[in-house]
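When the chains are written out, they are named A, B, C and D in that same order, and each has its own residue count from 1.
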Amino acid sequence: MKHDKDEKAIVLAWFGATYPKALAGITAMQREVREAFPETRVEVALTSNMIRRIWQGRRGDKDYLAKHKGVPAGVLYAKGPLAAIADLQDEGYRTIIVQPTFIYGGEEFADLASYIRGLDSIETVKPRNRPFKKLLLGRPLLGMPGPRHDYRQDMAAAAAALGADVELAGKDHAALVYMGHGNKFHSTGAYIEFQQVMREMYPETPIFIGTVEGFPSLDYVLSAILHVRVKKVLLKPLMMVAAEHAGHDMAGDQDDSWKSVLSSQGIEVRCMMQGLGEKPEIRDIFIRHLRDTAGDNHITLPDRRRE
Amino acid sequence: MKHDKDEKAIVLAWFGATYPKALAGITAMQREVREAFPETRVEVALTSNMIRRIWQGRRGDKDYLAKHKGVPAGVLYAKGPLAAIADLQDEGYRTIIVQPTFIYGGEEFADLASYIRGLDSIETVKPRNRPFKKLLLGRPLLGMPGPRHDYRQDMAAAAAALGADVELAGKDHAALVYMGHGNKFHSTGAYIEFQQVMREMYPETPIFIGTVEGFPSLDYVLSAILHVRVKKVLLKPLMMVAAEHAGHDMAGDQDDSWKSVLSSQGIEVRCMMQGLGEKPEIRDIFIRHLRDTAGDNHITLPDRRRE
Amino acid sequence: MKHDKDEKAIVLAWFGATYPKALAGITAMQREVREAFPETRVEVALTSNMIRRIWQGRRGDKDYLAKHKGVPAGVLYAKGPLAAIADLQDEGYRTIIVQPTFIYGGEEFADLASYIRGLDSIETVKPRNRPFKKLLLGRPLLGMPGPRHDYRQDMAAAAAALGADVELAGKDHAALVYMGHGNKFHSTGAYIEFQQVMREMYPETPIFIGTVEGFPSLDYVLSAILHVRVKKVLLKPLMMVAAEHAGHDMAGDQDDSWKSVLSSQGIEVRCMMQGLGEKPEIRDIFIRHLRDTAGDNHITLPDRRRE
Amino acid sequence: MKHDKDEKAIVLAWFGATYPKALAGITAMQREVREAFPETRVEVALTSNMIRRIWQGRRGDKDYLAKHKGVPAGVLYAKGPLAAIADLQDEGYRTIIVQPTFIYGGEEFADLASYIRGLDSIETVKPRNRPFKKLLLGRPLLGMPGPRHDYRQDMAAAAAALGADVELAGKDHAALVYMGHGNKFHSTGAYIEFQQVMREMYPETPIFIGTVEGFPSLDYVLSAILHVRVKKVLLKPLMMVAAEHAGHDMAGDQDDSWKSVLSSQGIEVRCMMQGLGEKPEIRDIFIRHLRDTAGDNHITLPDRRRE
């Protein structure tokens, strides 16, 4: 029985996106993780209830599907993290690593950690009936609280992976402005700290990070940009996908988009619709985080590199 | 979005069975629960990992399926309790009652309660994102520990539901002998107590309850039967399904089956292969337990009776 | 700092008693556990809220204390299990075994297990700050559910430890009747199963076990006694302490005490006010259970036997 | 019995301090909370294991006690949060609010929340035996994640409470520099966001916040100070107590103290050894947070204001 074989699986947890063209990073990462761990099952889960509902509706919408033939099945039929984990368990996978593709340890990460903690607390009278042997959570791009992996090293690795963005802005004599998601429910200081890491790594180019929600807001970013008399910016999302927020809040034509607001101050704005998930260097970081989580917990994931 | 509509679902948790003809009770109960609560989604889950693996294997076994055309999809594709609950949650059901069809609050019930407790402990930063509004567990046939519902009343109701068995034995001037499952891991005293409840309710007919595993064993039952000089017994499983154990341990032709052992002592044995789940009176009890769990927790399950 | 030394402690969890003379077993067990594990801190906790409140009231009651000079401080100042565990943690004890002195895995054990589970679920950002290294629960006299230790062997050990009671009854040509506590909230079948274990171990002497609450009731025991025409009984509590229940329900002079009811049927009754905790053989079993829990979890409790 | 009276208690959880003169804020807050809620028991707990060990050692140190007669018993005998909560429960307090006096929702808060969550997960067979009716956690000075109370309003309230510091610096034509604790294990962005809130509230005075551990470091603060050519600073701890860190890291005479480093750059430094807990306005915020937690959870704490 599979039950006894200790099958292993990986769940890649994305917040999600509803723009079909924003899905490239999701598909690419699933493919690369499968290539890296060829004997391990790899599934995608979407953590946003709202986004999942939209895809659920599209599954049966013939017109939509006819117009968008390239939508990957991995997204169209993606489950939430609970069902993704549970269905793997049902098939006999009892060692599961959930690797979020979140930027930092914010609300989505806290919620996902609570799912993992709840599932992992399930005990059975006979220990061999426990649903999971090991159910583990990998860390976000910019690291997570705790002594095991220094989040500042994670920030440095992420900053290094963004070198191409800095170079692109530099060639253009432009400042690099990132729009992160942020939130209104707790401090988003990781963005500020990451901005500082980038500034120290790339002192030649002015770099600014703001968020759609919460701190640092566009106003704050704008006043900082004006303070240093920047005339030209390369504007990119600091999000895994370039989707609704990037298309609307960042690059939309309405008056209150970041593009419009910066332009209205006489700044030349070049928008680039590319999610972090589309960068191979960023995807490599998550694969490293996966490998760390496996190694830290004495799990052997047969790995292409070792062959 | 479904997410916000507070959809309700019921999961009927069976230990399971691999004999196709043993599935009648499972199918009948699912149908009757659907009839009782016509606006509520009703799914079946199988708690036995081993039995689920066997059905998983049969899903793709063309020969098997050709020979057993009547296997209900609800069993052939049944998930374990974790996946059954999680998949409902994924579809937007956030109020879920899990009604086990276990005989008493033993190992399977303890394990299932731990699943429910683990899932119910999942918290989210925004309370509205909690995966479940209410995730509840109904009580087994013979009740469960706790002050809310007196397990002795549950025992009395179960004893009343078995009147036809007693009558059948009585007409035949036979003793009624039940074979329960039991276990080796903790005391199965509920069987003894239930035997006493039945004896008091039906004093005319000698009634004996033994278990395949643990106490009271066949030896114990046999010595009690011999003590009161019973010459004839009606032998039935005290299990929800009449499946492997009933066919083999109880009614098998090998020397150590209950039938053989009793026969070898000169006792006339009539075996009846009927699971408790095939009795409408027993299924009604579980529907009452469902209704109690809903009512105790202020959940309105639109109910045929009220229309 | 103590914090880093991994100090070990044992908490002996008793339901409790308010009769000063019933405390002998509690005091003796604490002393013997200290002797067995001379380098380990040993405290007593009382799990009954009501009994603890009574002792709390007596702490400041000068009249009471003057009249009862022998009340051991370990009981007079005993805390509940939560405070007993927490105060040890506060002093730097991070490996703690809680050994209940319950008869079987009933309500009190389930509640205590929930305390342990809740406390053990406390995680900290830095693993070294976790309040407990290991917080463990020993098993009751008659064992507990699970595959690690066969509860039937625990029952056999307990039955063997009661040989003196059987011998005493035997010499007197009396039946041995035990009054257990029982409960109304779930099946107390462990008593019946234990009765069977004793009957098989001591076939010469009629042995009956009943409970104050729930099944098997005095009525049930009485009818069984009358059935076998017993004329004389030795009546003892199957409780750790011979206190309120033994003094009142068992041996009281009122009409509905077990003594009165049995006597009214012409049975000669000899009551013996001795709690199981007063028997060295029973205390030895709990010390063995402690040793098992330590050994199963790779905890070294320096032990007198090894010196 | 107290058990049934639903007694209420408040635990004020401080990280702690070993400098006797740093304890003034702790004592003052305990007194004021008692005055605000005169019918509610109010205890202090220290969350730092290391600090608690030091006080435990001093309890029996006659020389120390002779020299430091003013050490309040509430600190000298303070327990950790687990023992403080458990001992109150043991005395019959079943509704307990734990109000941390932490600056923000960082490591200490996450750990304390885990204690509360673990304790609150304890269930009992009879619901009335649950150790706690309600066990709740108040929010830190700068708020905590979640939708219930906007942390930005908490930051604004805290900034308003620090007006006197700004005024003092302003009178002196000095910049205001706060030294927070920070940490190395996760992003301390709350400090940066709070700095921005203060800068917007007090635009006349240059305000800088740095941390002993992690980001923003003294180097970072120093470069910002030099950038705006500040010549004079008022240096204060952004910590609840002015203790070890304030005395050594901030105001110490060694070369790498903040005072020395800033002075070495030609900046005139005035150090002020005052913990936030010594400010009545800050203590009032915590009392408001307590009141919010009670109100949000329908707990009536009889309150002086209402009389």
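One rule holds in what follows: contacts are C-beta pairs under 8 Å (C-beta built on N, C-alpha and C of every residue); 3 or more make two chains touch, one makes a residue touch a chain.
Since this is a predicted model, take the numbers as computed values, not measurements.
**Student:** Please report the smallest number of touch steps linking chain A to chain D.
**Tutor:** Each step joins two touching chains, and the minimum needed here is 1.
**Student:** Kindly list the shared contact partners of chain B and chain D, in label order.
**Tutor:** For chain B paired with chain D, the chains in contact with each are A, C, in label order.
**Student:** Is the contact between copies chain A and chain B built from the same residues on both sides or from different ones, judged by whether over half of the numbers are shared?
**Tutor:** Shared-number fraction above one half, so same.
**Student:** List the centre-to-centre spacing of chain A and chain B in whole Å, with centres computed as mean CA coordinates.
**Tutor:** 45
**Student:** Mind checking the centre-to-centre distance between chain B and chain C? Centres are C-alpha means, answer in whole Å.
**Tutor:** The computed centroid separation for chain B versus chain C comes out at 34 Å.
**Student:** Need the CA-centroid distance for the pair chain A / chain C, whole Å please.
**Tutor:** Here chain A and chain C have centroids separated by 55 Å.
**Student:** Going through chain A residue by residue, note those that touch at least 2 other chains and give them in order.
**Tutor:** Residues 107, 110, 117, 121, 125-126, 145-147, 185-186 of chain A touch two or more partner chains.
**Student:** Hey, which residues of chain C end up touching chain B in the complex?
**Tutor:** Chain C reaches chain B through residues 104-105, 107, 110, 142-147, 150-152, 184-193, 196, 214-216, 220.
**Student:** For a test of understanding, state which residues of chain C touch chain D in their complex under the given definition.
**Tutor:** Touching chain D from chain C are residues 1-3, 49-50, 52-53, 56, 79-80, 82-83, 85-87, 89-92, 107, 110-111, 114-115, 117-126, 129, 131, 185-186.
**Student:** Of all residues in chain C, which touch chain A in the complex?
**Tutor:** Result: residues 121, 123, 125-127, 145-147 of chain C touch chain A.
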